[in-house]
Amino acid sequence: MKRLKIRCAVVGASGYVGLELLRLLGQHPRTEVVLATSNTHRGKAVAEVFPHLPLKTSLRFTPHDDAADFNAADVFLLSLPHGNSFNIIESLLATAKVIDLSADYRLKNPADYEKWYGFTHPKPHLLKKAVYGLTELNRRAVRGAALVANPGCYPTGMLLAAAPLAKLAGIKPDQIIIDAKSGYSGAGRVLAEKYLFTEASGEFTAYSVVGHRHCPEMLQETSRIFGKAVKIVFTPHLIPVSRGILSTLYAKTKVIKEEELRKAYIKFYRGEPFVRISPAGETPGIREVSGTNMCTIGLFADTENSVIKVITAIDNLCKGAAGQAVQNMNLMFGMEETAGLEAAPLVP
Amino acid sequence: MKRLKIRCAVVGASGYVGLELLRLLGQHPRTEVVLATSNTHRGKAVAEVFPHLPLKTSLRFTPHDDAADFNAADVFLLSLPHGNSFNIIESLLATAKVIDLSADYRLKNPADYEKWYGFTHPKPHLLKKAVYGLTELNRRAVRGAALVANPGCYPTGMLLAAAPLAKLAGIKPDQIIIDAKSGYSGAGRVLAEKYLFTEASGEFTAYSVVGHRHCPEMLQETSRIFGKAVKIVFTPHLIPVSRGILSTLYAKTKVIKEEELRKAYIKFYRGEPFVRISPAGETPGIREVSGTNMCTIGLFADTENSVIKVITAIDNLCKGAAGQAVQNMNLMFGMEETAGLEAAPLVP
Amino acid sequence: MKRLKIRCAVVGASGYVGLELLRLLGQHPRTEVVLATSNTHRGKAVAEVFPHLPLKTSLRFTPHDDAADFNAADVFLLSLPHGNSFNIIESLLATAKVIDLSADYRLKNPADYEKWYGFTHPKPHLLKKAVYGLTELNRRAVRGAALVANPGCYPTGMLLAAAPLAKLAGIKPDQIIIDAKSGYSGAGRVLAEKYLFTEASGEFTAYSVVGHRHCPEMLQETSRIFGKAVKIVFTPHLIPVSRGILSTLYAKTKVIKEEELRKAYIKFYRGEPFVRISPAGETPGIREVSGTNMCTIGLFADTENSVIKVITAIDNLCKGAAGQAVQNMNLMFGMEETAGLEAAPLVP
Amino acid sequence: MKRLKIRCAVVGASGYVGLELLRLLGQHPRTEVVLATSNTHRGKAVAEVFPHLPLKTSLRFTPHDDAADFNAADVFLLSLPHGNSFNIIESLLATAKVIDLSADYRLKNPADYEKWYGFTHPKPHLLKKAVYGLTELNRRAVRGAALVANPGCYPTGMLLAAAPLAKLAGIKPDQIIIDAKSGYSGAGRVLAEKYLFTEASGEFTAYSVVGHRHCPEMLQETSRIFGKAVKIVFTPHLIPVSRGILSTLYAKTKVIKEEELRKAYIKFYRGEPFVRISPAGETPGIREVSGTNMCTIGLFADTENSVIKVITAIDNLCKGAAGQAVQNMNLMFGMEETAGLEAAPLVP
């Protein structure tokens, strides 16, 4: 008999991404949260720590370590800091499906972990098994996956912008520039001076200008999509807002007109429930996707300069993390892909 | 006998740039404001309309048209919408110096006004006479100028980023990209829905993605600096803050290392009172220049991708408009270049 | 046969409140929007004007006047400026139920319209018929109502704070002070300088310090609740956020302790789906209710000063307008009171 | 011979208040900063840590403890956490004047320190000597003081609102309510989750609703001014801005009309350089005082309810801390009271 509700375990449930998972799963018609872990809030009722969540449950936070022994879930969604869940994921896979929202299974080449994260990947065999969960680009593989590596927030916006370009003649894949801007929730609940309201209010600045950790992920996936080596110049910035990433992608091309470009994107994303191509001349904004799993895409051809510009807006915590995880979970369990992800954004 | 105080007339004194002129001139040790025009506030005392200004004066706003007959000023600073001051400027030049903060005298080629502004420039002979007032790059000419065309806000940040590149071997001037982000005061007091707090709060978006009116100004000056035709890809965005422009410039180069780059900029801007080169690894932010005439510059070489990144931060109303006008005025009248422009920003 | 979906007509659908109605009704399991009026956007598809709304409909905006002849709706929700819907409401009542979100039917005494709004109320007989739709306080009357006058945003927060006090011994109803703070969406899409982002960002100020138009509504209802004349001192302020009202109520009392106060409120609001009493020592914030129909209430007794403080947080556009309208509609049509109103707020 | 420049030592120079002291003293025509202490930044050049400060100095941060042995300053401005400077202040007074910006010398009754701060005051004899530095109310005493206890930010706005009321017949001093709203810089550089941008953005909430530590200070000084015991109900709130405090004071009175009230305040503050009474009907805002030492006061009589409302706006870091300290220093050294404090606010 088919279970009516998918039993979800959220490991790392009190960070911003974990909290977003609880928000989305709490509104999902086909899931129930059966485990929520948090070392900080261990023992406390979830409804007491986060009274704003409309949870009809008496769930209490347990420590992260409890997840390893828990076998009453159909799927584990893990939102722990990088490098913290290698050991438990392997054992969890014996009884359940796993969606890992950290970077631990995103990179295919174990050497990349040494270069970018400073550790030797302890489970290289699982790297091969893990499916990179950029849903729109990997739907088929996600459906059959036991372990999904949920994409990073910047790569999500970037890859949705770049993927259709691979089908276009005349795009030079070695000259892609991404100028990205993110809200502060992307930094998590990290207590650092620069993240204080008093410091960030009225501020706008770049950071990690060269060598951001999301670069190898973008390179790996773009190269796969293009079928050849690409180069990506990436600069992240911080916007004084909580949520949202706007990415402006620049690509060189001598031949493409805006109309063609638009047609190509419309065709590429036809039927996609979470991608919206903006009408000609319109630019996407981060508010129209806030709290949603949508990605809106604006398209422009600067023909005088032989450059096209592709602008994407996503919510970093939702489509860029928890929302995409739910989208992937929906596919992995044969549910409607949009289940639990249909709420409109707050505008204004 | 030398006059102790320069008599300043501010034409268009109630817009954001005009107001910033009043703020700066009110704190200037060597100037007095003898005329302030505003059609909206005609007849009212400046101190009543703007009680926060520390003005020791009983000045009243007069209509803009009064400026034409006013001959008791040493300098006129005009901050009217584009196309509104052609007639009076010519007559003002008979008795005074003029700094025009509109775009009316920035472009050297009259045809550009037809293309970008939709009108035939009525005073092409004055176009030749006007000095483009990007102070750091044109200091000598500004000193001797009767008519200064004060630069636009985006071109100011962009040109200060780009100018030192002309001295460097291996920069390809046909592949410069500027991804710029501005606060909302750049739009002036325009009553449009998109500028309402309720719309802009939490929002981040691009606009005028292709063909912004500041493009010809940037092209003209960059070509002049480089001594050859350049290409500039420019994308402006709106940050939910009042003041500040952060510009991220990308240029292709195969050979330049970050250290070299830094040395070149330090040398280029040596002794400049209003340019600060950020230490290695540090990125400029808009708050550290807010309310000041400073431009801070961050320098990065992404050697793996053969790209350099030059990030500049300015205050769009100050260095990008009124502050630079005062800096130019200081030079035109043989005063200390920094007079009236030494206040620190509010941090935090 | 019972209709599966309630047919809703939204008159004035492009203002902030109208847009919030569309957002909520679009997510409601038991309603469909069959008419949306907007003079500004007449003829355009709703999905084109507001692409972020997840509407599965080809609805187009029609002019407001079309509502008068429309007879295929079960309920009309009107969100027009005050004084604009007197004529149509009477005719609409012949075939449908009506929820008016303007102030036109909130005041029982026609003379109040002359005093506070400057016009003679043309339909005093309907004033008597109209039910004041503060749901928690008037649930029974709302259930049977044909015409509901939906409360103002400030009165909603204020009355939910004040109502339980009527049951308490020792409260002096002639010394109630409400210090209220609202986000800018409360001002609607009004194009005024003070509402520009550049003006409002970083600002905090009071307005309508004496004689705000919501005063008579608060007085009328509080007097009704207390069964005697009350006095209310009310000061509204503007917070630099889009949504949310926080109201701090002060009442004199010699005898009440915090524990008692809390017990009284918990008892008064027992079983209410949209009221949450904060735990002792905790203060409500506007983010935890943003986008929701919740009202959170914080309770404090300053025994040294014989004053109690009741702090309420609501979303001005949702519980303070469109959300409460949907809540009322749910009751008027015998649906679950919470239908369509269960989404969690975005936190963070 | 009179020294041309007052030598200032700033103890605790890297917190927000210390930084504001450096900003103001760096622009002061008659002071030089000869010592700046910071344990965090010990050994580093001030100009390197805070490059935005226009300091013409090679000053380096020394540890706080160095202040005790430093005897080359005319005045010490101390901005350390409460309870940290008892020992050094006594020794500093042997050679210099002292302005303490902590709460350590604000309360006259040693028992208050036990009740509100949990320690026994170790220097009760100095408590008597210390002058409470609310300049406008204590000017004469400040002039002759060796030790000034600089007021807290909330008390500054509150007392400037309340003081003129003591001269008015019919004010009931036992029913004063202060509803105050502060920007986040008031919390200092404290690393707590609730102060993160992601948490505070879009938020508005009250805190310390009963028993804020500034209460005894307000009570003490108001009682002194009124010449009798008063009662003050105080509720602080947090506004999502960096700087600024808006305080709305409510007082009961049967007899006072707005015109009278205005006249009384104008008379009381006649000639005060840092107090501005708003015109009738206008409400002060925090932006018009941001970065300045001004206090603007709006006055309203709600005659129907026998209540007057006095709204004050100050910058919590400037008039509420560092600016008032400089104002006091100016008086203590016989300088112009406004020296170094004349800069206009940034508007917009």
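Per-chain residue numbering starts at 1, and chain names A, B, C and D are given in the order in which the chains are listed.
FYI, a residue touches a chain if its C-beta (ideal position, glycine included) is under 8 Å from a C-beta of that chain, and two chains touch if they have at least 3 such contacts.
The structure displayed is predicted, hence computed values, not measured ones.
*Asks:* Please name the chain that ends up farthest from chain C once chain centres are defined by their CA atoms averaged.
*Replies:* B
*Asks:* In whole angstrom, what separates the CA-based centres of chain A and chain D?
*Replies:* About 46 Å separates the centre of chain A from that of chain D.
*Asks:* Rounded to a whole Å, what is the gap between the Cα centroids of chain B and chain D?
*Replies:* Computed value for the inter-centroid distance: 36 Å.
*Asks:* From the mean C-alpha coordinate of chain C to that of chain D, what's the distance rounded to whole Å?
*Replies:* 40
*Asks:* Return the residues of chain D touching two or more other chains; collapse runs of consecutive numbers into ranges.
*Replies:* 16, 185, 198-199, 201-202, 240-243, 290, 348
*Asks:* Classify the chain contact graph as line, ring, star, complete or other.
*Replies:* complete
*Asks:* What residues on chain C touch chain B, complex-wise?
*Replies:* So the residues of chain C in touch with chain B come to 16, 183-185, 187, 189, 191-193, 195-202, 240-242.
*Asks:* Spell out the part of chain D that touches chain B in their complex, as residue ranges.
*Replies:* Listed in rising order, the residues of chain D that touch chain B are 16, 19, 23, 26-27, 50-54, 185, 201-202, 242-243, 276, 279, 288-292, 294, 296, 317, 342-348.
*Asks:* Could you please specify the touching residues of chain A with respect to chain B in the complex?
*Replies:* 175, 177, 179, 181, 198-199, 201-207, 209-210, 231-233, 235, 237, 239-244, 246, 248, 250, 252, 283-287, 290, 298, 300-302, 304-305, 307, 309, 311, 313, 348
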